[in-house]
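Right after this note come the structures.
The following pair of complexes shares a single chain, subunit A, combined with subunit B in the former and subunit C in the latter.
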Partner chain A sequence: MEVFDTIIQISDSAVRLAIPLLLACLAGLFSERGGIFDIGLEGKMLAAAFLSAGVAAATGNVWLGLFAGIAVSVVLALIHGVASITFRGDQLISGVAINFLAAGLTVVIGQAWFGLGGRTPALPGDGRFSNLEWPVADALKDVPVLGPVYSELISGHTFLVYVALLIVPLSWYVLFRTRFGLRLRAVGENPGAVDTAGISVVKLRYSAVIICGVLCGLAGAYLSTGLAAGFVKDMSAGRGFIALAALIFAKWRPVQALMACLLFGLLEAIANRYQSIEIGALEIPVQFMQALPYILTVVILAGFIGKAIPPKAGGEPYVKER
Partner chain B sequence: MQKLPKWADIVLIPLINLLLAFLVSGLVILAIGKDPIVAIQTMIDGAFGSTTGLGYTLYYATNFMFTGLAVSVAFQARIFNIGGEGQALLGGLGVALVCLSIDWPHWLVALPAAAIGGAVFGAAWAFIPAYLQAKRGSHIVITTIMFNFIAASLIGFLLADLLKVPGSMDPATANFPPGAHLPTFNDIFALFGLDVFKHAPVNVSFFVALFCAFGFWVLIWHTRLGFAMRAFGQSERGAQYAGISPLKITVIAMLISGALAGMMAINNVMGESERLILNATEGAGFIGIAVALMGRSHPIGVILASILFGFLYQGGAELSLWEGIPRELVTVIQGLVILFTGALDGMVRRPLENLFLILRKPTKNGAV
Partner chain C sequence: MTLMRTFLGAAATVAISTAAAVADPAVIFDLGGKFDKSFNEAAFNGATRWAEETGGSFLEVEIQSEAQREQALRRFAERGANPIVVTGFGYASALDTVSKEFPDTKFAIIDVNWLEGDNIRQIAFAEHEGSYLVGMLAAMASESNTVGFIGGMDIPLISRFACGYAQGVKAANPDATVVQNMTGTTPAAWNDPVKGGELTRTQISQGADVIFAAAGGTGLGVLQTAADEGVLSIGVDSNQNHLHPGSVLTSMLKRVDNAVYDVFSAGEDLETGVTLAMGLENNGVGFSLDEFNESLLTEEMRAAVAEASAKIIAGEVVVHDYMSDESCPVN
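Right, the complex of A and B next:
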């Protein structure tokens, strides 16, 4: 029974840890399907985490925090859009710039605002998203096997967790079953064809970038008001890059993105719980677990296990023919 | 047709971009309720006001010259090596292993050996992404980002488990033997009876960095290989048609790039901490990107941009000490420099091009 409890606990924390990855990963999915590479997921997430926690701490209202987080993330996404769509700059360089801007500004503004060395005050009850208890979760707790699965694993997460999980089928529907989705995918593969059909490449790409901003905003808000109770410096801790890795792992598809993020969340949960894992005589150091998502991504990218092919026009600014 | 005169491309545009970055930084300082003028005075005073401050500025600049040259050399072949950080971390491992291997008799012997150690480890770390890009088509930007994280985990593991001093809790290697101590500027000037650059970590690696910049210039503009790299950067297909192998050029450019990033370790690991510690690079690998963009991938530009960022780094430390502005302000400036010189370059360039076209027209008509 003890083993079972441990498994439940680890799975539970794996889900919690997978959510920010998932939201950021879906953000990247929309952007990259639309032909805009985005290595600034990390920065947008960090900025959103900061402003969500800051506004929630200042007003005591987590919803205002959430909207502030989304707003700042969309602003950064628009900077990326202006640089890479309007001025046809290098999308990778723009993403790098946004990461640095967010890493610096969150601390500089945080220090001026709260004077706590770049962190926000710990959020009180109303300043963060509380866990939603599902009906009769408490009563079922003692039912063997299914009880803990229902009351711990399925019930008792914050609102944003369920939102994130719902966004997965929604993204699939939007991308693969709507006109907008078809056009968005087309603009990432062959913008010239989309343009010829009389549809604005610029508008489509901007909408991709804005969706990306909104989702990164959710991811960041979840980090500081759902997963933790407040913002600390550099709290995104490379999650934006793991999300990017998950995106490649999922080969730019939403449902697979969920799987990849759950896998990487599980790795993080295990690494958090154990300092090292012994399998027989072999001892796996915790650093290896931390590096595993990155190693797996390189292996996938190298095409040794299935080939990951990014959207064809990704990273290329579109120049209208005259 | 050349739209812009050369001087405008090399001097005017970077200057305007830099001014824009500083302007926005000034607004940030204003927004947090501080005085930008006082801030810049504090920074200049802290970075250039004393020989100690100058020593720190040049020490940071040395790091950035290595990483800036590393990013630049790959840029020449139109390859974006974002993995300088990881390569520099691995370079630190190489330098540490060399320094700890024997009891070095003199730094003149230890320095070249350590430099080779750092270069080999850095180059090896760059080789895998380069090979995967050229041979398997995996995007080098993504793989080098991943390799930065893998490098950090690897070094963390080695320092926590294998390389640390037995019995110590500190995740760091043993101190290097005295024979591996590089003369600092303070040591050098003491020979002439001058007591300057006191306590500053700037050391002979500074000259090694300058030499590398010179080597960069020779390589890129005066050798066959450099020509092949530039040709590949300008047009991959054209270069291929001329018989230049993309695999070879990608791998060679990345090996040189990784070697330069790895050599940074003679400054920060061998010259300053004199042992390998966690996070020894302190983000210098990423600053290399800003330096390369700012310096237009030219050695002179890289040297100047490195000194600028050395100033920002040292001045930023003083700012946090005296003005209560966190040194992360430097990260903001760094981000703005990358944004304006790299991504938003077209915002300044296009209007300027139009301006120069308008200015040029009358003379053209006159000639006809």
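Right, the complex of A and C next:
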């Protein structure tokens, strides 16, 4: 039974850790399916984390914070859009610029507003997303096996966790079962054909980056108002990049993205729980456990998962021939 | 013309005298940043206290990456700052280089005791002694007989905290279990409150009900999560009791503020070429007791810790220092 409890606790932790990755990964999914590579996920998350914590701290209302976070993330996404769609700039450079911009501005503005060295004050109760307890979770706690699964694993997460999990099937439906999704995928593969059909490439790509901005905003808001209680500089800690790796792992598909992010979350949760694992006489050191997500990333990127083919027109600005 | 000359001469004299007096002291913070509510902030508070009391001014900089250590140090030395305080063992090799280039400038470094140089004052704290005391408090406050430790970056200095803490826990309650975690192996581990919170939840699920965070900015996440989940936490370096009144059992104090204040007060007359060991006997380390945690520490706990403190000062109890042999007798 103790082993079972441990498994539940690790899974619970894995879900919490996977959610910011999942939201960022889905953000990247929409953007890249639309043909816009986005390595600025990290920066958008960071900016959203900062502004949602800042606004929530100032107003005491987490919902205002959430909207502020989404707004700033969308603004950054639009900057990326203007640079890479309208002005046909290099998408990687624009993404890097956004990362730098967010890393610097959050601390400078945070210092100017709160005078706490770029941190925001710790958020009070209403300034954070509290955990939602599902109906009869307490009553079912003692039911064997299913009880803990329901009361600990499924119930008791913040609102944004359930939103993120709902976005997965929604993304699948939008991308693969709607006209908009078909066009969005087409614009990432062959924008020329879309243009010939009389559909605006520019408009589709802008909608892709805006969706990307909204999802990154959710990811950032979850970090600072759901998981933590306030913003600390560089708090995204590379999660935007892990999300990109998960995206490649998932071969640009939503359900697989969920699986990939859960795997990364699980690895991190295991590394947190067992800082050193002994298998027989062999002891696996903590450094290895903590490096595991990154090692996995390298293995994945080296092509271990088979061929991961990115959208064909990704990274290239569309130039209408005249 | 004569008037003009007098005027210019006077101006020049003023200029020269200000140049001589401009030798402001300087402090260079470590990667955690000066508002980490912990180690660097203690240094900043010491410098600020000196500035407020004397009306003087000081130079300061927060570095952003490892590569800036030597650069920041050299620039302050070139600008004539004297004395210059650097916070953290990370500056050891940079200081070793720069102090030789500027033999007339006086330097002070915190957390280091292995350098050589006539113009360096090294200040090392006996963190294991302070950690021992809060370990005892943790063991006595724990109802589950399980307490936790969350360190920042996995380095010997933090293991010294962990080892002292574990010894204190075992001294107060030999049956207690200590769950230990390190946040990471890179400097990013000082600034990841999300991971700190996650580690805290993990330790709580393993039964810990008092958790000591020695992790800079990451520790803020530990204290927050402990308050949310209704368990006790212990702060570090600065007094962090006020962050979550009623939830922070105490804070392991490391009086970096006093060390910086003393260096700044001595100014250019700073005694260098010495290594100061700041332990319990000279109030270099200790634990905090204020209006926010009065109700958490019982008379019994205070008496036990006072006794242990007296024994450590008298040499009857020796707290093992992890950094002396890179191993810990208890865990």
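Observations
We adopt the following convention: the second predicted complex is superposed on the first by the 320 of 322 C-alpha atoms of A that agree within 3 Å, B and C clash if a C-alpha of one lies under 4 Å from a C-alpha of the other, contacts with A are read in each partner's own complex, and residues count from 1 in each chain.
To be clear about the criterion, contacts are C-beta pairs under 8 Å (C-beta built on N, C-alpha and C of every residue); 3 or more make two chains touch, one makes a residue touch a chain.
Computed from a predicted structure; not experimentally measured.
Looking at the shared chain after the overlay, A:Q9 reaches subunit C, while subunit B stays out of its contact range. Of the two partner chains placed by the overlay, neither subunit B nor subunit C lies in contact with A:A193. Touching more residues of subunit A than its counterpart among subunit B and subunit C is B. Contacts of A:G238 after superposition: both subunit B and subunit C are touched. Contact with neither subunit B nor subunit C is seen for A:L170 once the two complexes are overlaid on the shared chain. By the touch criterion stated above, A:L17 is placed in contact with subunit C alone, subunit B being left untouched. When the two complexes are overlaid on their common chain A, residue A:G118 makes contact with subunit B and with subunit C alike.
With both structures placed on the common chain, the touch criterion links A:V143 to neither subunit B nor subunit C. When the two complexes are overlaid on their common chain A, residue A:Q290 makes contact with subunit B and with subunit C alike. Shared interface residues of subunit A (contacting subunit B in one complex, subunit C in the other): 117-118, 238, 287, 290-291.
Residues of subunit A that touch subunit B in their complex: 39, 79, 82-84, 87-94, 96-109, 111-112, 117-118, 238, 241, 244-245, 248, 285, 287-288, 290-291, 294-295, 297-298, 301-303, 310. By the touch criterion given at the top, residues 5, 9, 13, 16-17, 116-119, 122, 223, 227-230, 232-235, 237-238, 268-269, 272-273, 275, 286-287, 290-291 of subunit A touch subunit C in their complex. Across the complex, subunit A is touched by residues 28, 31-33, 80, 82, 128-129, 132, 136-139, 141-143, 145-147, 149-150, 153-154, 156-157, 160-161, 286, 289, 293, 324-326, 328-336, 338-339, 342-347, 350 of subunit B. Partner subunit A is touched in their complex by these residues of subunit C: 33-36, 154, 180-182, 184-185, 188, 191-195, 197-199, 201-202, 205, 217, 220-221, 224, 228, 243.
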